[in-house]
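Read through the structure below, which is laid out as structure tokens, and then see the notes.
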Amino acid sequence: MRDITIFSGNAHPELAQEISEYLGLQLSPTHIQHFSNDCLYVQMNENCRESDVFIVQPLVTPVQEHVMELLFMLDAARGASAGRLTAVVPYYAYARSDKKDASRISIAGRLVADLLQAAGANRVITMTLHAPQVHGFFSVPTDHLNALNVLATHFRKLHLTNGVVVSPDLGNAKVASVFARMLGMPVAAGSKKRISDDKVIIENIVGEVNGKDIIVLDDEIANGGTIIEILEHLSKHNVGRVFVACTHGLFTGKAIEHLRYHTEVEQIVTTNTVPIAEDKRLPNMQILSIAPLLAETIRRNHNGESVSSLFEEN
Amino acid sequence: MRDITIFSGNAHPELAQEISEYLGLQLSPTHIQHFSNDCLYVQMNENCRESDVFIVQPLVTPVQEHVMELLFMLDAARGASAGRLTAVVPYYAYARSDKKDASRISIAGRLVADLLQAAGANRVITMTLHAPQVHGFFSVPTDHLNALNVLATHFRKLHLTNGVVVSPDLGNAKVASVFARMLGMPVAAGSKKRISDDKVIIENIVGEVNGKDIIVLDDEIANGGTIIEILEHLSKHNVGRVFVACTHGLFTGKAIEHLRYHTEVEQIVTTNTVPIAEDKRLPNMQILSIAPLLAETIRRNHNGESVSSLFEEN
Amino acid sequence: MRDITIFSGNAHPELAQEISEYLGLQLSPTHIQHFSNDCLYVQMNENCRESDVFIVQPLVTPVQEHVMELLFMLDAARGASAGRLTAVVPYYAYARSDKKDASRISIAGRLVADLLQAAGANRVITMTLHAPQVHGFFSVPTDHLNALNVLATHFRKLHLTNGVVVSPDLGNAKVASVFARMLGMPVAAGSKKRISDDKVIIENIVGEVNGKDIIVLDDEIANGGTIIEILEHLSKHNVGRVFVACTHGLFTGKAIEHLRYHTEVEQIVTTNTVPIAEDKRLPNMQILSIAPLLAETIRRNHNGESVSSLFEEN
Amino acid sequence: MRDITIFSGNAHPELAQEISEYLGLQLSPTHIQHFSNDCLYVQMNENCRESDVFIVQPLVTPVQEHVMELLFMLDAARGASAGRLTAVVPYYAYARSDKKDASRISIAGRLVADLLQAAGANRVITMTLHAPQVHGFFSVPTDHLNALNVLATHFRKLHLTNGVVVSPDLGNAKVASVFARMLGMPVAAGSKKRISDDKVIIENIVGEVNGKDIIVLDDEIANGGTIIEILEHLSKHNVGRVFVACTHGLFTGKAIEHLRYHTEVEQIVTTNTVPIAEDKRLPNMQILSIAPLLAETIRRNHNGESVSSLFEEN
Amino acid sequence: MRDITIFSGNAHPELAQEISEYLGLQLSPTHIQHFSNDCLYVQMNENCRESDVFIVQPLVTPVQEHVMELLFMLDAARGASAGRLTAVVPYYAYARSDKKDASRISIAGRLVADLLQAAGANRVITMTLHAPQVHGFFSVPTDHLNALNVLATHFRKLHLTNGVVVSPDLGNAKVASVFARMLGMPVAAGSKKRISDDKVIIENIVGEVNGKDIIVLDDEIANGGTIIEILEHLSKHNVGRVFVACTHGLFTGKAIEHLRYHTEVEQIVTTNTVPIAEDKRLPNMQILSIAPLLAETIRRNHNGESVSSLFEEN
Amino acid sequence: MRDITIFSGNAHPELAQEISEYLGLQLSPTHIQHFSNDCLYVQMNENCRESDVFIVQPLVTPVQEHVMELLFMLDAARGASAGRLTAVVPYYAYARSDKKDASRISIAGRLVADLLQAAGANRVITMTLHAPQVHGFFSVPTDHLNALNVLATHFRKLHLTNGVVVSPDLGNAKVASVFARMLGMPVAAGSKKRISDDKVIIENIVGEVNGKDIIVLDDEIANGGTIIEILEHLSKHNVGRVFVACTHGLFTGKAIEHLRYHTEVEQIVTTNTVPIAEDKRLPNMQILSIAPLLAETIRRNHNGESVSSLFEEN
């Protein structure tokens, strides 16, 4: 394959632009419009014959529109004889639909992975899937990245000497413990209790938090319910400085409204896997860029260098 | 397979309901919602194990949402061990994206057909595809119905003795001539002229229209541009009564606004392949139901009876 | 499809026999041998043309031999024109290989699912997968059963009025809480702490256990390390009667040896998803049969009746 | 991929030879014979391991023999580890079988496209498909070329200042209008009328032809019925010089016999997408070579350069 | 599936007719023609929706035409929603192309099997494949029948008490020995010697033939070279009555001419797997019908009864 | 593709090592272990992104374990973005399961070939398949090598002037005759006779062996039954020096025990396609290495050079 060509859908062109710049490339233009019957029309406005094509599209609102855009771009690039086609999906929203917890539902995380392949994806690059098993839903080779190094670099600069990493959910404490180890901190976790069929509350916190600086870590903040609850729980303890960290900062529904009132939170640290609208950017929000990480992964993919070595702990 | 089960997405539940009633069946309920991250969630609320499942979903606005709903329903029914899965898509919007008339675009009519198969469709039932070649885009057995009999039955009741069927486009005059033969009428057609790269006008009308009752026939009325133009052309001739007929009455953009002013149009005859909102229902509009035709096709599919015999001219 | 035909590999013929009896059927004979070059040879010794074929084979030691046997039986039955082919795998051992937690490994849970399909499986019936996401690894429709009803029926007979269900792992506490709700009990869970890269210990127990009768619940007991640890932890509390419950009783390595010394355990309750050798059957072990559940699932599959309704909580 | 290797079947070795020469390559030899039971035997007599292989075979009489030859050559080259396999089919005869205009027929244009893929084609290069939708029948990336530039270059040399491009069929007038724009001419078209179920005649000509030099343009001349009819229609007008132009000059049945009598035709301009036997080469016939166009397309395919830019109008 | 529908291509309609009669069915009509550009056109003239469809077509001269006909019929029946599609290919000519004995050739026996599947075949019924391994080329369930019972029944009536079955080729002597066992006779075989790269002669005969009645058995007689050679070899021995038997009586090239001169041959016994033209029917030729065997196989396929039991030796 | 990476499973690491050395490469390490539930765990311990990966694994005892290892290595390398994946299987044990000689069995040679493809193999390199038709079981391009040149080179050094190559089985004499021609010798073959359904004996030898030096050639020696029988037969003739030669020296069961007593055998010449344990290495055994041949094939694969030319007779 001759060279790298990067396209972007409408989901997050700023990220694609930043990745391109990091690689010293021009982002190749894409033309997307709708016909009068609302059908999508996508054209890739750059020759990509035999090229190593990367299409950047996190699955953010409107999700269905963006999934279809991605499928159309893949199909268009395949038809245009792309040498290799990689879908770069920093936020794979459907990772949360990963099991059949009710009868006669779709395991949509698997279905959408199959659709990507049907539309022509030869490879996938994604980040911080909600469950690590979702990796197995992809039939094509997939690089599953995480933002822990990016977040850790940020927190190391704060020199928190008495910190603790708090996972809101005991079930997902494993990633928190990896992150804690990176920062040389202990780990704690919220213990949930189901109070009715559709309501779960955090009952208590396992691990020591009193007198400590807190980093609440989650993979994704959507409507923020869990984070708000753990913050309220923490407010009953005698904790030090409070930080919130996550990879995917969706901030849907009343998330921003609620977070605004938690003035004890010194920083909300997130990344740009998804675009964050201006009106959601609270003064205490720090948005770290994962563009360098994605760009480096793309470069290594193209050059046949190890990607896993990017994530070795040291 | 034991019995017929019919589900509907959000695109056109009234049609699915009507089909079910015609077959003496209950429409099986579907639950569709969105998660806080805008991901779709679909549950089929009726056992369909080993059943002959039909999912009714024309691809109307919002098209991408409805395509994805259909894919999720197919996948959910497949996972629920449906005996056979038929997508009933009375309006296949992507039939218009049927060729590669620009470089590096997707032939979306083919892509969406492939997605339906990837999601589990074993068969497709559709109507009045924009081009008959689109039938060949489907890898699974597909019944391609048309509404000509339904429309002809309507017009026969009007006893037009001096009528002519007018196709707005010479290129698609073939269907018009079949329809004309069904009504025992001659056919005429608008002859288009390209005046610039993005503008085509109707230059004249081939065939006799003077002194005749007119039935303008098209497969689909979207923003109505073509229909309005042919109506204005006809207004310069000395024509009799004027009717407009189409299968897919989308009436997007300013279609209704323009049609409202053409008071010479005695009837706008269309079908319910797509839902038509109350505020689009002009007083001179006649909406014929294709539910009996779809129901009969479903019944014959289930019983292994000939569908093509439904369309034999006599 | 005309009738049900059940075959068994060498992994667990007793279970297949019991399922057949429950359905009032003869288990159809299979002939399995090895050639002098150690190649496997499998013959299905019963006509199964157009039949609804179920092949029972949990993936127990020797696992690779049993996987290959299953693949050969599937292929043989497909070639013999089976009407439909369902792999009944009560213990899907590779469910534990569900993520890529090291570089350049196979997500074997997905691979083996793909192999089953490549060999001809049209459907899969399995039980208590280690992670619910593994369901999404199967491309064919899959019934994922669980033994919670079977276990709950057993424990209800004991009339424990002051019990608590204890999950050894906070991460998997969800199933424990479902089970607890079925028994009208609260739930508790062990909280693990990583003390080195390859050693995790249970630090404490979240939830009240003092003065209570204990049911330790896990999906699978292999070498029993986790169970032993939680038992030792519990021994430091003032607990009442102690029960251990699991679906898959593998008891590998020193599991039996260790469990034998925990005389405080009143009952080790497990099921026959895997065969349990005579010398592993401790006096306090209760092996419940899941044959009726599998047989009923097979019957409903064949008759097109709902399987999910078997698992509705009431 | 290391280099280009070109093979030819028996359909049109002269064209393959000419393409090879244009690229400065040797045409690689193929050995094709029949066994005594009429089975085909094909051997590619040149190493093509890891090579970029192009197999040239228009689908001309005997069509079935040539389709099978092509499938065998593709399969042989795939088995010989070709790096990439492109079927070069300048005349895809089955493009005319593009719709289901009768019940229980094959849409053969789609079927043959699927067979090419089943036999190993990774890409297809074809020309002037009867309908542009046929492009969507191919599952593999396909370059759909046309000969309009080749034809236009020829006609520009004739300096026709008062010409008009005439399409025999109003339905296919779009290509004619593109061609007319390339030559700076207006367009006209025959308007067909169905006089019985199996007979269509040209009723009149839409657009001005009187006093003008005529270029009748069609995609393909098979038995020539349509062309002869339009010529006879034109003979009733007062037209200037008359030219016939087409891409695929099959001249089957009585085509040559009839064309011979139309001495008013100054030139019959066609291309060598299909071989034209000596006895069909009328004195007024001009056979333009599309070998340079195919060769350039092959070169750009191999080098990853844009092919669409070959067809940009200027 | 509701019922059996039988179609025939042009290869051997008499056989299809005979099979249909045996089953008490009407042979469903097929319409096959060529367009003016030599493209094939196939229409199945009988509703076959949800039917159990069998298409009879041995691969005889013109082989490529008949292969394509078969592929078109399969595709047409699939598109017409056949319930199940079985290709009945009594003579699979490409079975002889079963290995790669030269570089860069197609293993056409595998390729054509793949094409049948690509065109829609769900099952195959075939007879006396040249090598038993060819069975493994088919990806779909395949019944591989043989005519040995049919031939044995014929020879039993002759009450040969001192017979020997002679295989022309030592390499294929296994089938001859099975046949010999059915008749209670010993077996002998010609031993070939390669005298140059393209010439093999029979050097001697292994086994006793002197004083015995001879049945020369081969799977297929094409140009008859091998048979003639063994007959000439036998003429040097003092043998009794001489019979020639084969399943596939192609008699191509000079086969008939040569066999005519071997007046010592009392009977040439063959079957109607392929049509045998009137002028090839020598006076000493006995053509046994395999229609009852194929019909019975079709019946058992449809009813889900064992086919292998048809071939058990007793 | 950038470079060659070679991995080995547990079947024959010495061979992989030798191939690597021949190519001047390091054998890349693989880590293989079993979990406590006997599940296999495989990790490729070297980056192979975009590399031309070759995995060496003959299918020797324990066969099922080694097949699964190979599938896991293929899947792991595919997931690790190998550029191209070739399974190097010098001994494809399942080649002997090549036909359906009993009802309801798997043609395992085909099944295992399909499994290799399902696990990610893009190509296969194998040697001396039991029947040449087995080549057609592989859907991916396959190099089918043989060891005849290696064996011939060995025997040429012995300068046998009055030798004969003896095939134990008349059915497989073709390879023996090729080998004989390479050595300028005549060929002879054992003629088998079936004495009961499961017992075959060699009745006599076709061709001259008296007074000659004997090379008994077979593709594989498993339990050695056939070889021992032919040796005993030969011992009744007045033969000269006796050699045994085979490609695959499995020596299972009592093979070594029996061969030890045949002291008339001067040399048992075999190759290292399979590992031969120390205790099986009889003093008269010569193990020739096929590592150079495999290495050269790998090199030519990587460089796109002809492999077939390695086997041209000269």
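General remarks:
Labels for the chains are A, B, C, D, E and F, by order of writing; each one numbers its residues from 1.
One rule holds for everything that comes next: a contact is a pair of C-beta atoms (placed from the backbone, for glycine too) under 8 Å apart; a residue touches a chain by one contact, two chains touch by 3 or more.
For clarity, every value in this text was computed on a predicted model and none was experimentally measured.
Shared contacts of subunit B and subunit D, meaning chains that touch the two of them, come down to A, E. Taking shared numbers over all numbers used, the subunit C to subunit F interface scores over half, which places it in the same class.
The equivalent interface to D-F, defined as the listed pair sharing over half of its contact pairs by residue number with it, is A-F out of B-D, A-F or A-C. Computed centre separation for the pair subunit A/subunit B is 40 angstrom, with centres defined by C-alpha atoms. Annotation: 34 Å between the Cα-based centres of subunit E and subunit F.
Inter-chain spacing, taken between the CA centroids of subunit B and subunit E, is 50 Å. Within subunit F, the positions touching two or more other chains are listed as 47, 79-80, 100, 103-104, 107, 306, 308. Every pair of chains in contact is given here: A-B, A-C, A-D, A-F, B-C, B-D, B-E, C-E, C-F, D-E, D-F, E-F. If you check the complex, the residues on subunit A that touch subunit D are 2, 47, 49-51, 78-81, 83. The touching residues of subunit F, when paired with subunit D in their complex, are 123, 141-143, 300-301, 303-309. Touching subunit F in their complex are the following residues of subunit C: 35-48, 59-65, 67-68, 71-73, 75-77, 79-80, 93-94, 96-97, 100, 102-108, 111, 114-115, 117-119, 220, 222-223, 250, 252-253. Residues of subunit C touching subunit A in their complex: 98-101, 103-104, 107, 109-110, 131-137, 144, 170-174, 177, 181, 189, 191, 194, 204, 206-207, 306, 308.
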